[in-house]
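Reading through the structure tokens given below for one structure.
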Amino acid sequence: MIVLIKQGASEEKINHLVKWLEDKSLIVRKFDGQEQSVLGLIGNTNAIDKDMLSSLDIVDSVADTPETFKASSKKMHPDDTIINLHSGRQPAIGGGNFAIMAGPCSVESREQIIALADEIKTAGANFIRGGAFKPRTSPYDFQGMGAEGLDLLVEAREKTGLPIVTELMDLRQLDLFIEKDIDVIQIGARNTQNYDLLKEVGKQTKAAILLKRGLAGTIKELLMSAEYIMANGNENVILCERGIRTYEHDYTRNTLDLSAVPVLKALTHLPVIVDPSHGTGRADLVPSMSLAAIAAGADGIMVEVHNNPAKALSDGPQSLTPEKFAELMVRVNKLREAMS
Amino acid sequence: MIVLIKQGASEEKINHLVKWLEDKSLIVRKFDGQEQSVLGLIGNTNAIDKDMLSSLDIVDSVADTPETFKASSKKMHPDDTIINLHSGRQPAIGGGNFAIMAGPCSVESREQIIALADEIKTAGANFIRGGAFKPRTSPYDFQGMGAEGLDLLVEAREKTGLPIVTELMDLRQLDLFIEKDIDVIQIGARNTQNYDLLKEVGKQTKAAILLKRGLAGTIKELLMSAEYIMANGNENVILCERGIRTYEHDYTRNTLDLSAVPVLKALTHLPVIVDPSHGTGRADLVPSMSLAAIAAGADGIMVEVHNNPAKALSDGPQSLTPEKFAELMVRVNKLREAMS
Amino acid sequence: MIVLIKQGASEEKINHLVKWLEDKSLIVRKFDGQEQSVLGLIGNTNAIDKDMLSSLDIVDSVADTPETFKASSKKMHPDDTIINLHSGRQPAIGGGNFAIMAGPCSVESREQIIALADEIKTAGANFIRGGAFKPRTSPYDFQGMGAEGLDLLVEAREKTGLPIVTELMDLRQLDLFIEKDIDVIQIGARNTQNYDLLKEVGKQTKAAILLKRGLAGTIKELLMSAEYIMANGNENVILCERGIRTYEHDYTRNTLDLSAVPVLKALTHLPVIVDPSHGTGRADLVPSMSLAAIAAGADGIMVEVHNNPAKALSDGPQSLTPEKFAELMVRVNKLREAMS
Amino acid sequence: MIVLIKQGASEEKINHLVKWLEDKSLIVRKFDGQEQSVLGLIGNTNAIDKDMLSSLDIVDSVADTPETFKASSKKMHPDDTIINLHSGRQPAIGGGNFAIMAGPCSVESREQIIALADEIKTAGANFIRGGAFKPRTSPYDFQGMGAEGLDLLVEAREKTGLPIVTELMDLRQLDLFIEKDIDVIQIGARNTQNYDLLKEVGKQTKAAILLKRGLAGTIKELLMSAEYIMANGNENVILCERGIRTYEHDYTRNTLDLSAVPVLKALTHLPVIVDPSHGTGRADLVPSMSLAAIAAGADGIMVEVHNNPAKALSDGPQSLTPEKFAELMVRVNKLREAMS
């Protein structure tokens, strides 16, 4: 249910109304638009007398939201959300702030990550990404450096000032992620529907959550998973298109669904970024797909960069060298200018 | 690596060899076939001198296993595995024992589950299934009765003697599942690649694990997820085909991939069952797809039955009434006789 | 629009009504059910006064058919269609007559096809299949023997009495197919939506048409393509499930969608057969999938058999040897008895 | 097989060699690169003595082409092909010439097509597209205006000078298309593997052929179908990505596979264009996907424009109004400048 507040209503009266609604066990989201404020009510709104609500002097009108999506819906929050990192670091994400998240698939050593962090920052990245805990299809493959990898990311952050993006697989590690003040916690494509994990990152943290679309996930499922996080209290959700599973597999690892970008931008106020590295599985396709993502309207890209792709412990074939990444950044900037 | 032991080798010498291999940090699986014993070695076998091993007097030959699948591979264990429930209850699963798991999608009340348990047992089911913790796409939908639902399943088990199949979503509930002595712990299609959950049901329990194929999971991924459980110590894994996501959606919820049954039976020694209820999403297709699953060589079926499908809190359209289930059981038995 | 005729209405009056409707530019299909006759009207029924029609003394009731499917719909023709071959040869297809179509992917030589025809007949096949004109993905691959292959099939038919199933790719060959009195004309998966070809086999012949589901065709598209044939005058259409394109490709060439069998049987009165050879692409999966097709309710199977699969000019890996085919027939017969 | 000719070899000697090779029943393609000439040999090259060929004084080296793709392969023709319309009209396609094909899904009337042709030309389109023969899933739907529609397109061409793009469904219409001097003959997604149609447009015409990727066609199949046309003599093939069939259907009609653009550009020298109208099925997604196609490196776009989308006889929901198309053209031009 959506309550449009009349222009000029006093903050005090609005707060009073919010409190009254919360006492009815509803979650209330207040959005201050350019012209008027909106209250979005999540939960069992059957108990609310809509006529009574409409008749309040500060209320303009009341509308039901039969939509499946609630907290994430653009109807609840017509302006694009700008996520200011809870960690206090820069930059913000969404609403014109373009995120460039770069780094290796896996953190492999101090030498690797520190050197790389400098190189990608110089080239123009504004986030450093790297996996410490790795979801691998086979239990016999390298599973990531774990907590030690997290420490190395923190060291790279200290050196460069770049906020960290890294994946959380298991809720038992959430305390550690909070302790290390991870700026953007990634929920990977295999955990998009791990609802208990989603609930906990909703409840326990205000860190930004980068939620990847499932391996063969629908757009609706992606938004419903965002709802799990938001309904539990954390609205700092970034959506990520990362390629979907189709019958085409001879030339690409996944099929990057760039139409998901404008589809999502029409449905939700949350920022949408694109991962062309997993989305294609081929380093040579990453530059053109990065540019296409920008042209499609994405709020950022996430690109795998590795000092020595041929020796990467995971996902080498889809990683750019620092040189190729720097070349791409030049083209990205030129395109972004033309799009603005 | 696979070590074929010579016929007639003494148990003592074999045990000695096993211990020596385990001291090299290998996991050793010993299979006693009808003619000879086989040792399957999992882990870093590079450290093993193959020639030395081959020259031992109790060793017939040594073969590398370049296959991706190790513990689950038919090469490691040529005979079909028969899983005897760790709970001690009957029946066993696999190797000619046909499992018929029936019950509601969700446990909804005592009246529902107790009455239904009696009806499905009378009709011929040998397991009772029902969800207490429910993975729902929307956080605003019914999420299951939780621990209370588990207690009701236990009560139904006490009354009928039927072992329980129920889904575990969150490793924080594993202790409760162990405490309630759940006979078959289901890992649902959204958690097939929740590796931390797989590791824990591998380490902490010997209960049978019913592992569902992912929503759009490959056969290889299903077996690799089984490896996560087995490599961590629990080899009582049952694989479950439950329909895959394809472009066809006008007439079925998923596309039931029955060819997965003979494909899996050729690759692995683990039992394979079929869930035609989720596999099609339509009660009217469940009978023919149950029979087709049997003809395809499945070791069991898992069928949703509900007293009142029209009022089910989840998945009503795919649930059989007890009457339709009883009719199906007559046809199942007739077909199984013809197949034997 | 469907017109139910009253029981006991005279043929003369019915014919009179049919002619009147045809004069309104409608195609009229008359079905004589066990209890009453039904007229199915195809075309622009807006011009018909439904009330007037309902008030006729021989008319029981009139119903609109908002369904997409018209001529193929079960609502138009509640009983299963039995197709008696226009060529006059036996057997009929559908309504309890089980078709076993066997033979090589491609006709390769006289020796091959004549010897094979004898072997498959002895084993129990009641149709001989073989490709003379072959749709190959590459223009540089073997394209079939052409007209010469057709002559060899005719020779095999003369020797064994088995009716022929063979593929028509190009409407310029249709005259030849009619001249050779091909019993069952196959429309392959790449031509399921070649509408001009469908129209011509509708107009120019009453031979049975075996219409394959498209490479990644929906069930709706399959039925709409059947409509193209039927609306042009040939109602002898056999539908064929032959596997669909999905993301799973490591272990099977296509994913055989056996649920399409009961789905189609509920929607249409046309016979439905299954091709497990193309449906899986693996000879070792053909037996279990043939049995599963029967259990699912199919009206027949189409199986590739080759004297020497390793040397086949096309589709060797999915062809059974004559010996394996004979073994399968024993199991097929046993299962069919149990299903009856 | 590829023969690299030495720099400076005389035309006379090269022609002599070409003739000799053609006498061996090979198709010989001669490409004059910036530095040296290359002969591509298609057909049975087993009969050629490679050593003898290598030893000729005008031959630099000889290489086998184990690749599946021959005539279309970038290895045969390293530079991008520029297709000059056989009709003599402008513009060329490929190699920096950007094609903007616009117009209605179906030609519906003189008023519609003539007015629209003017509007799209003014906005910046350089081709007019429109269907006269329409492949419709249902035989009961509007099937196009046929020959009359073709005449209207010709009239629009006369008035505006824009070359025509229109679909050929049936080889019996090919003479008519040739007679009307259709500039670009489209082979639709349902006929991508209608090999007899492909062969005929290869043999009988040098008009440019716009070959669409199949409804669920692979990239490999698309190129193999191009081979069918090229191996039969017409090398003026334009490839078109138009969205593929995936499980995602709630928000888009197809999934536009933009990664196919750089994949194809790496494999082949043929121009690649993108159809975002069919690729998404939604007019509101067409602008962002058009821009993304350009950023991905496409040689052109094909966009449905209709005076009154709400009343279109086919595909209204995906058609832009002329106004929206003009707005898009402004953004297209700005982006193309930035990309150059």
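Labels A, B, C and D are assigned to the chains in the order they are written; within every chain, residues are numbered from 1.
FYI, a contact is a pair of C-beta atoms (placed from the backbone, for glycine too) under 8 Å apart; a residue touches a chain by one contact, two chains touch by 3 or more.
Everything quoted here is computed from the prediction, not taken from an experiment.
*Asks:* Counting hops between chains that touch, how far apart are subunit B and subunit D?
*Replies:* Minimal hop count between subunit B and subunit D: 1.
*Asks:* Please work out which of A-D and A-B is bridged by more C-beta pairs in contact, and write that pair.
*Replies:* So, comparing the two chain pairs, more contacts are at A-D.
*Asks:* What's the distance between the Cα centroids of subunit A and subunit B, rounded to whole Å?
*Replies:* 35
*Asks:* Centre to centre, by mean C-alpha position, how many angstrom separate subunit A and subunit C?
*Replies:* Going by mean C-alpha positions, subunit A sits 50 Å from subunit C.
*Asks:* Could you tell me the distance, in whole angstrom, between the mean C-alpha positions of subunit A and subunit D?
*Replies:* It comes to 38 Å between the two C-alpha centres.
*Asks:* Among the residues of subunit D, which are close enough to touch at least two other chains?
*Replies:* 216, 220, 245-247
*Asks:* Flag every residue of subunit A that touches subunit C in the complex, lowest number first.
*Replies:* Contact set of subunit A toward subunit C: 216, 245-247, 249.
*Asks:* So in the complex, the part of subunit D that touches subunit C is made up of which residues?
*Replies:* Residues in contact with subunit C: 42, 68, 70, 135-140, 169-172, 190-191, 193-196, 199, 214-217, 220-221, 224, 227-228, 231-232, 245.
*Asks:* Which of the residues in subunit A end up touching subunit D in this complex?
*Replies:* Subunit A reaches subunit D through residues 216, 218-220, 244, 246-248, 250-252, 255-259, 261-263, 266-267, 279-280, 284-285, 288-289, 291-297, 334-335, 337-339.
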